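Pasting a structure here, questions to come.
Going by the order they are written in, the chains are A, B, C, D, E, F and G; count residues from 1 in each one.
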Amino acid sequence: MLEFILAKYNYWIYILIMMIGLYAMLAKNNLIKKIIGMGIFQTAIIIFYVSAGAKRGGTIPIIEHAHGAEGNAVDVLHYINPLPHVLMLTAIVVSVGTLGVALALALRIYGRYNSLEEDEILDRIDQDETATETTGALPTTMIQS
Amino acid sequence: MIWQIDLLILTLIVICGFCTIVVKDLLGAAVIFGAYSFLMCLLWTEMGAVDVAFTEASVGAGVSTVLFFAAVHRTTRHVKMKPSGRLMGKTIGLAAAGLMGCVLLYATTDFPSWADPNSPASTHVSPRYITGTIPDTSVPNMVTSVLADYRGFDTMFETAVILTAGLAVLIILGQTGNRSPLPISRLPQGPITQGYDDTIIRFITRIMTPFLQLFALYVIAHGHHSPGGGFQGGVILGATFILMSISYDLRMVTNRFNERTNLLLANTGLLIYSGIGALCLILGANFLDYSALAKILPGTTTITARSEAMLGVEIGVALAVMAIVILIYNNLVSNGTYENGL
Amino acid sequence: MLNSLTIVLTISGLFFFFATTMGILRFPDFYTRMHAAGKGDTLSSTLMLLGLAIYHLNHFSMGDFLASVKIMLILVFIFLASPTATHAIIDAGYESGVAPWTNDSSPEEQE
Amino acid sequence: MSDYFTWLGVVLCLLMLMALYRTVIGPTIIDRIMGANVIGTKTVVLLIIIGTIFGRVEMFVDIALAYAMLNFIVTIAASRYFTHHKNILQEGYGLRHRPGGPKD
Amino acid sequence: MINPEQYPILIVIVPFLSAFFLSITGCFKRSLCRPIALLALFGAAAAAVGSLHRVITTGIIHYRLGGWPPPFGIEYVIDHLNGLVLVVITLVALLAAIFSGKSVERELPGKEPLFYALFLLLVVGLLGMTITGDAFNLYVLLEISSLTAYALIAIGQDRAIHASFNYLIIGTIGASFYLLGVGHLYIMTGSLNMADLASILPQLYGSKAILTAFLLILIGVWTKMAFFPLHTWLPNSYTYAPTATSCLVAPLMTKVAVYIMIRMMFSVFTPAYVFHHLAMAPVVIWMAIAAIVGGSLLALSQRDFKKMLTYLIVAEVGYMVGGIWLANRLGITGAILHIVNDAFMTLCLFLAAGTIIHRTGGHHFDNLKGLFHQMPLTMTAFTIGALSMIGVPPTAGFFSKWYLILGSIQAGRYEFVAALLFSSLVNAVLFFRLLEISYFEKPPHQENTAHGPVSMVAEAPLTMLVPLLVSAITLIVLGIYSGELVTKIIQFAVPAGI
Amino acid sequence: MYFLATFLIMFGFWILLSGIFDFFHLSLGVLASLLVAGLSSEHLFRNRDHSTRLVEAWRFLLYIPWVIKEIILSTLHVAFLALHPDMMKKIAPRVVTFKTKLHGTAARVTLANSITLTPGTITIRITDDVYAVHALSDKVARALPGEMEDRIATIFGETRK
Amino acid sequence: MTDTVTSIIPLLAVLVSLAAVVPILLSRKRPNLREGWTFAAGLTKLGLVYAMVGPVLSGKVLTYRLVEVMPGISVAFRVDAMGLLFALVASILWLATTAYAIGYMRGLNEHSQTRFFSFFAVALSATIGVAFAANLFTLYLFYEMLSLATYPLVTHHQDQEARMSGRKYLTYILGTSIGLVLPAMIITYHLTGTLEFSPGGILAGHVSGPLLTMLILMFVLGFAKAAIMPMHGWLPAAMVAPTPVSALLHAVAVVKVGAFSIFRVMTGIFGTGFLLSQHQNQLIIILAAVTVITASLIALTQDGLKRRLAFSTIGQLSYIILGAALLSPKGMLGGLLHIAMHAFGKITLFFCAGAIFVATGKKNISEMAGIGRRMPITMIAFLIGAMSVIGLPPTGGFISKWYLVLGTLEADQPLMLAVLLGSSLLNAAYFMPVFYRAFFCPPEESGFADRFNEAPVWCVAPLVFSSLMSLGLFFYPQPFFNLARLAVQAFTG
């Protein structure tokens, strides 16, 4: 039983976290909450990858100076699979990049609509649009003079 | 692979994640999210992914959280209690999350068990990296060698992602209509004017900063031998400047790193990276095939040339990442005006 | 010998961690909780890190020695950072205008 | 000895769980920041412990150091928020639905 | 100095390096940015054409990055399919870049260096996604192109920021699904190289994890290509984006996503798995029908021509997805041909829309009034684009539709034929409504002078007009030479055994 | 001068951190130290009379054991309170303010952090020379600033004139 | 077998009017030069087409393959007798129409004349393209091109009415071509792998039963330009166009293209033998017959002269279809000849209607009392045209109708004979009131008929020319007759 739990526990948890993140991204009304959900969603994937790379009895993927340096054969079983780590470094960096852009967008949205709540923002957008429609004014900013 | 700790931390993470979503205060959510990321970092270390942990600690936990604070600082902490008309969204969210959960759960039945040394992931491609890192590149940290050499091309674009994010933030938050010869020179001049002066924090920061910076440089330089490297070092370096700007004033940093300097540094960083790659091209090898650099680097073999080129690459990465981290922070915290910060 | 020293140090560190955590949970407002958090954490991490640093001196080698030294560096850092952070947090609370809990008034009204 | 460290780590994790209570429940944002800070301190120690269990502690101290530093930065940043936004505790969750509201 | 062996990398590296160089130059002299961008794109286009030529003459090109052999390092593979797509991307980007000069000046003053840097990075992302032979590398480039697209869209007008935010959220979900799918592949096989994966996967066809991986990748890519129920982010993003952005993004993003789907289905999971092992083709085709019908109907309900075009993109995506899932040679040929055609069609229409917006200042139907008299060349190009969209020979759109219908008849999917014809008819209604307005209605922008009413709207500047006309002519040329295209290139791109 | 001092300190720190003593890494260390010295030397030392710097450092080292002792005591005290079942009765938190005699920033910060670390007191803020301190109980509140201030004054050569 | 000769002349014949668009556009500021270009193009085209008559009559087939757009499908031209017949009619009448258009447009001082002439030229190119198409794809290509090129002509006035009519026009034409012809074409390609017209048809042996019926219906109804009921609605609506356009639309280019296309498909795709063996022609015959009768009956009720002519056209077109559907040599011969004969007759009628409008501004028959005295030349030409359309000697219309009648007998369709004869009576019935009013009714306005007031000479000359042609073809039908006979020979082997 314990063995079964151990074998899959990481995967179950990553699914759980991912569900939390996905739910937040789709269902939350607040933009920052969505962004946080996005962060959670992405970390879930990282858990998945890193779990996939784990190796029982392996040590961290840095060759110990004791062997290897002198050209001895390196025991594959002794080291954890480094590839998922590399991939996840990329994923983390990507996620922080996305985060920065998302926050910048949230700031601009707040600056424009003075709210971070999706429903309020949509209301205001509707107001803006009906305002321009009723006055019948075309956006004149770009008309060549 | 310390399964006891693994189970506990994962549980903690789930609690944290759940609460982040539930908490009705954005600053609080950001704080919990910070704790969440710190726990993540712990999880990675526990699974032996030290480089990931390092990156998570610096990028995920450190910088992201600060960026959240900056954003909340510039917007509001308030979360509406009962938003209207979200039933649809909630249903979709629940349905999508539930469906995805089921599908993923279904997939797990076929997975090799956790940490199985005989899983395909551990036996197919990765052994080459483990056994090859020393003979191929003479770099003991195989994460670094995979990152900067075997899959160096990924990393180049990864750095480009960061730069892209920086440019994106700049173009999104930057003020339009500025007709000066630079998109940049909107740095407010004059003395530091921020009101509140916290002696303790300022003093401690002042003392610490040089050491932290040196530490960051150490991390960059020792990426071959221990966890760390360009990304982590770059972020920490950037974080020291963020620390300065938090404890003093935004201008403390912008005087040193104005937008233009940042852009120049970031782009130079990437040019270093891709330039090294292109140099290989010019020397007749494939792009990023560092072994070609042995021709021009004195005292190197094709193998050590790889190692040294990797260092060069890491420096480029660090430069770019540092500059962009500062850039993003500065823009977020001042809403693109550079007037005052957190 | 060194191992038992390690165990003593770490166990006592753990005790203080426990006490700290209890303090955090039990004290009435964040000013008082901060006392627990700020001091307890400093000391307990000091003890534990010290214990771990000592453990690494077991089989003395240059690398392990340097590792121990670096652990001590963390300690130094914590000594500098922890009170500062504590101060920062409590200052933030003070700044946001929350009055400290006192024995004189009824605890329900305060936070 | 490795087992000992493992259990040490487990106990630390449990203590973190308790600290997490503060972080999650609040009630004020300051409590959360404090809770996060406490978790951070424990994590530094835990990192070193994990390093010890792996037997490669020299690889972990750098992370721990970086971690401590970033934890510091995060805490400072969080608390600096209040130098700009005074008296906004009402916005927070914990105090919102309390009938009387806090006294200034 | 550089031998043809190195063309594959040049396609990506030239714009990549130029982006940074441009960004640095932009700090000192802003006016240099555009020439650099144009030069870079031209270089990339030349390299892409060179590569395609090499593929046609000597066969598939493999390029090892860093000199590492494939499953260990990253590999670039150019075959007939992506060689073609690369050429399309570079050419479209070049035209869009030439076009964008004036509108960037007007709409984004002071941000030119950033704009062009991001523009180039977006193109790099798209090119990289197309050219790479590594599943994870694709993810990174996907993110580059997405991030740049978010930014470039966000700087538009009105609700652009909000649209971009939505795009970001949904786009991130899509990309993450893709990444997760790749993760499932990785955990089951241990490899990331597409060719390597394809060689390992046959032993794992029965695996649930592989099925999940396929579904995840498919959903991820569908999100990116705005396949019908997942399209919600697209219309607003593309409508309110700045002209220069939408001219680049609208023709390329969805098409590259379709390409990725093809690549994943054929080069990683193999047709045998996708079509014979899974019985999901009917479902997908029905979804494609929903996309076509839904997109067309939603387009019909718009009063804003740019938004209308964006809904048409949704419908067109349905064409391509459906065509591929017809699982026969003709259908796939049609889908691939449609990638090329649709890229230029959309380019032509968006360039025309951009020109109109540039001159009249808006994208409501009312802005079109009387334009046939004021901007005859623009409207001619627009008409050609519209005809292509409707599927009138000899414009390009007819031919891909031809193959698609032929393919669906062969597959016995008459419902798909009906959807295609329905969409053509709706397109006809849509575009003739526009043309009618621009032909019949009196222009609103008139000023009465001594010499009678004088229109304020004139034909677009040359830098806008030339790319527009080139794209329109390309549509006809593509149509006429579609036979050549199919026999020389596309028929080799369809996997053998279909 | 400051530059050189910073450089030397930094290089020492590098050696502690690095643990690899081949020529390549040492030269990297030199470069890094130079860089940091260039970037931040003005942070580490700031316009103060530096003649007594070494002496101060030495006296500061001597001060540390005393502080640690205080910390242990204080932590025990807090732990006792935290675990005491009737804790609420035992504590009497309050904010006290006092004026310090110290002038230098370093001295003031040292005092503040020492206060924070020691029994039942946390420095809330320093405004000019007024310390606001939160104390857990009357006892510790009355003890302020007390012995500590004197000791710190000694360290930084600010003995009462 | 016939010799196949590769020749670029067909391509040139198609392109010449298309190429003329450029100089027309360039010389938009100088009307005389512009019209000069149009004439030059028209003459060149006629010359090119005429140059092919000789070789074709001698049994050659000229082909030109422009480009292969899809495997097995190319844009290709193939000049056989049937195509040449149509092309000859079209290019002769283009010249006439151009001349007429100059008079008409200038007479009414119309706007956007450059656009008018440009699209006119494009439409002619498309018509010739259809005539020379070597395969169904090329035919479709030019068919669509014609649809689009005539849209600006139909909606030339750019007012609300034009807009509605334009909409109707496109809905019918594009809707059917995309919705019916395109799938039918693709199904054909799917079944046979080719779209080349071949004398014996290509579908034989590939299809039967309901699918065949469906295909036939798709093609016949899909070529809505032939205006078989119920696809006729666009034609009366399109009457809002300026009269030269109506003339071109209703006599030559558009409607004939429809009928021609159906003819082509019946012979070149299905094959006469195959259709006969499958007994599938009855359906078309019935459709055509119903259209003939119904359209004539509706024409009786119309007051607008052009609308009456439009319904007349609908009926007459179905003669052609009927001829084709009879599948008997004489019937087909009659059908083909009717393409030419009706063209000359009907264009005369439209020219007259236009001339009346230019001269008097009247559009309705009820207003035309006494006009015969005011515009005798026009009205006499009208009489000749009407006779040709009714099928009375000594006009060309008689010949084609005669062969149609023979065809019904040959095909053993006595009912159709009745239809033809009945329809001729109806034709007479709706044309006669016009003369009666023109010549025998007193004018409503005093002094209306006193002046001799013909339309400008540019208007009158073409109508005189075309009416004379109608007459002349009765006496000298050889060029068309030979071509038609040759074509029928090709179909029937």
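FYI, a contact is a pair of C-beta atoms (placed from the backbone, for glycine too) under 8 Å apart; a residue touches a chain by one contact, two chains touch by 3 or more.
The structure presented is a predicted model; accordingly, all values stated were derived computationally and were not measured.
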item: For chain D, the least number of touch steps when starting out from chain B; value: 1
item: Any chain that touches chain G and chain E; value: none
item: Path length in the contact graph (chain B to chain F, fewest steps); value: 1
item: Remotest chain, chain B as reference, centres from CA atoms; value: G
item: Higher-contact pair (C-beta pairs counted), A-E versus B-E; value: B-E
item: For chain E paired with chain F, centre-to-centre distance based on mean C-alpha positions, whole Å; value: 61
item: Whole-Å gap between the CA centroids of chain A and chain C; value: 32
item: Inter-centroid spacing, chain G versus chain B (mean Cα positions, whole Å); value: 73
item: Centre-to-centre distance between chain D and chain C (centres being mean Cα positions), rounded to whole Å; value: 11
item: Multi-partner residues of chain F (each touching 2 or more other chains); value: 17, 19, 112-113, 123, 125
item: Per-residue multi-chain contacts in chain D, two or more chains; value: 33, 35, 54, 58-59, 62, 65, 69, 71-72, 76, 78, 80-81, 83, 85, 88, 94
item: Sites on chain C at which at least two other chains make contact; value: 20, 22, 34, 44, 63, 66, 70, 73, 77, 80-82, 84, 87-88, 90-91
item: Interchain contacts (touch definition) - all pairs; value: A-B, A-D, A-E, B-C, B-D, B-E, B-F, C-D, C-F, E-G
item: For the chain A and chain B complex, residues of the former touching the latter; value: 3, 6-13, 15-30, 32-33, 35-37, 39-40, 43, 46-47, 50-65, 68-69, 71, 73-74, 76-77, 79-90, 92-101, 103-108, 110-111, 116-120
item: Residues of chain A that touch chain D when the two form their complex; value: 59-60, 62, 64
item: Contact set on chain B toward chain A in their complex; value: 1, 3, 6-7, 10-11, 13-14, 17-18, 20-21, 26, 29-30, 33, 36-37, 40, 43-44, 47-52, 55-56, 59-60, 63-64, 67-68, 70-72, 74-76, 78-80, 83-86, 89-90, 92-94, 96-98, 100-101, 104-105, 108, 111, 113-117, 119, 121-122, 125-127, 129-131, 133-135, 140-143, 146-147, 151, 154-155, 158-159, 161-162, 164-166, 168-169, 172-173, 225-227, 231, 321, 328, 331-332, 335-336
item: Residues of chain C defined as touching chain D within the complex; value: 3, 7, 10, 13-14, 17-18, 20-22, 24-25, 30, 33-34, 37, 41, 44-45, 48-49, 52, 55-56, 63-64, 66-67, 70-71, 73-74, 77-78, 81-82, 84-85, 88-93, 95-99, 109-111
item: Sites on chain G touched by chain E in the complex; value: 67-71, 73-75, 137, 140-141, 144, 148, 152, 155, 158-159, 162-163, 166-167, 170, 174-175, 178-179, 182-183, 186-187, 189-190
